[in-house]
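Paired with chain B in one complex and with chain C in the other, chain A is shared by the two complexes that follow.
After this line comes the complex of A and B, so read on.
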């Protein structure tokens, strides 16, 4: 909200500089594996997804419903509100092999599993 | 109804603890209710605004707007809490002595109250925006279940207020002399914990890369999602899987607070000696 009030161009420039500086520092980080999910009618689609071990994972959660949802997982240590009709991007650090459950914190019935191997 | 109660309670729990501490810290400051109330109100209004613009907010900074926003408001709270501690190191005795120079203390006191009101506002904003989003979703959905969920939500809110009162009256049982030291320690750890949380948000946004590996996992001993874990998470920043940078920043905030308090406290003493 507050960012919105600042001049967009200057903000973008500043953010761009900061990001490129921060990104340049470590040797090329491993390519993140992307996981795409949609959320509609109070359920994840697909509800079972896979990702490779020892690589960062990026969830892209598209909420098609008319109300906000909160993508949450204790084992993945993520918690992010995805507003109605929008997409949320969630970064997860490299994972060990295993099963990781995720759910909508606003609606316990919506659950899914990430299998890492 | 139970689900709504749990969701709302989980969010207001943290705010309840922090507001309870702030009330205890400011117990003898005149007009404190107006300031704290103002902070609460500002927090609620801001929470609704953030909820209303949640979609826009998340799209900023390549989808990392939410994380950066949370990190920023946590940083504001850390600065305010630290500033309060340092201010108290300088003026605490005057306030404890109450009647002495009360006029001056009122003027100075309101400065510190502003800092704490900001802390309250920021806390309510952070926790409240999720409650607002959830309740909005409930209101948007249809029929009788909505009324049920609203009742659940209100009960959750009432429980949050109960946590606040319990914290406040719990702290009030501590003798005044020890209370000052207790709240100073509490606020320092609160600030350190919030700083570590801000680091976690920056790391999730991939904006802070150094020392981004988990140092240990104490989840087997105390899970962060248990009720005790959650309370300690709020109060002292407990995390069962902290990253290196989180530990570094946590310790740094404590160190800086202690140093600033020493500096300002001793500066004052010398000043008094010089004047005498």
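After this line comes the complex of A and C, so read on.
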């Protein structure tokens, strides 16, 4: 009985891995656009950044503050905790043109925008 | 029937009052343009939005659905999902977990009386974001597949071997930025059940829903949804047995950035059974259903 119960779960996990790989392959083939941000005094610098459409984006977030921050974005669908005085690297899929908000999940006031064209 | 609808509206009023009390103060000075974007998966009650979370996010949830009301006697049943959910990529979400149930049944035609709680089985869900929302496209669609295995029948509480494969299309559209959302689900749910008396039952449920959800403060959404459900005694949809329409209010409350709850109530407002002229379809569906879910992200 337990074997029967595990089979659909295994199938679901396998399907998930397969589709993840399908999405990852073209993204790896393209050169990523790098976006550099610093985080200090509870704010992103710069708070508005740009990137080209249909190319993967790599955020390099340097946290200069004395406490951790969490880079997060619902529309980019990424999150990463960046420890104090360190750098976090966040990989984002190729993006369509538009405006993508990001923020520090530990600090309501720290917000920024990525414009993709 | 009237009592069911009336209690639904009372609940809607309670939802609204609770939501307003929770965040009334915070809302005054803010406008929706400055609010953070919201995850849409859970803002529509029983209707599931297109959200799949964010890459690397993990969540534990306790999701209970209660059903009550049959033609006669008393009927109350719950099924609870203890669920682990994670998002391994920016397009995929995977969930799995265990199911538990309770049944309190007495004097219902065709159902044995029982008062029991049990471990039911397990489930897994795979969600794929097919169309993503951007600032230029408010429409988003996710395809979801959810196999379930049950050792206890969802309706009767009897020991069975039940295999269900729920397939849904979850779509939503942002009608007003950060403020008003519409959600739509399409459902196809074939299942096969082997009973303790060696009978085999094959059936399917087909349905669709529409929901609206209004964000009244950054962390509170209230809304309403309607479901149309059809039941067949065949997975190929060849043997129609009845249908029903359910309506009710929904509530979503974000307590902290990492913790939220949803509540929803649906009452059957119209239904029919093939070969039976009675009002409502209480053979395949229930008079009322309620959902309460708590989630913790980590």
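The criterion applied here is as follows: the second predicted complex is superposed on the first by the 89 of 117 C-alpha atoms of A that agree within 3 Å, B and C clash if a C-alpha of one lies under 4 Å from a C-alpha of the other, contacts with A are read in each partner's own complex, and residues count from 1 in each chain.
Note that a residue touches a chain if its C-beta (ideal position, glycine included) is under 8 Å from a C-beta of that chain, and two chains touch if they have at least 3 such contacts.
Please read all numbers here as calculations on a predicted model, not as lab measurements.
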Which superposed partner A:88 touches (first chain B, second chain C, both, neither): first
Touching partner for A:80 - first (chain B), second (chain C), both, neither: both
Contacts of A:72 with chain B and chain C, given as first, second, both or neither: second
Partner chain(s) touched by A:105 [first = chain B, second = chain C, both, neither]: both
Partner chain(s) touched by A:96 [first = chain B, second = chain C, both, neither]: second
Intersection of the chain A residues that touch chain B with those that touch chain C: 1, 4, 15, 19, 23, 74, 77-78, 80, 93, 105
Chain A-facing residues of chain B, complex: 3, 7, 46, 49-51, 53-69, 72, 129-130, 133-134, 136-137, 140-141, 203-210, 212, 214, 225, 241
Complex contacts: residues of chain A adjacent to chain C: 1, 4-5, 8-9, 11-13, 15-17, 19-20, 23-24, 72-80, 92-93, 95-101, 103, 105
Chain A - residues contacting chain B, complex: 1-4, 15, 18-19, 22-23, 25-26, 29, 66-68, 70, 74, 77-78, 80-91, 93, 105-106, 108
Contact footprint of chain A on chain C as seen in their complex: 36-39, 52-57, 87-92, 94, 96, 121-126, 128, 132-137, 145, 147-149, 151, 161, 163, 165, 257
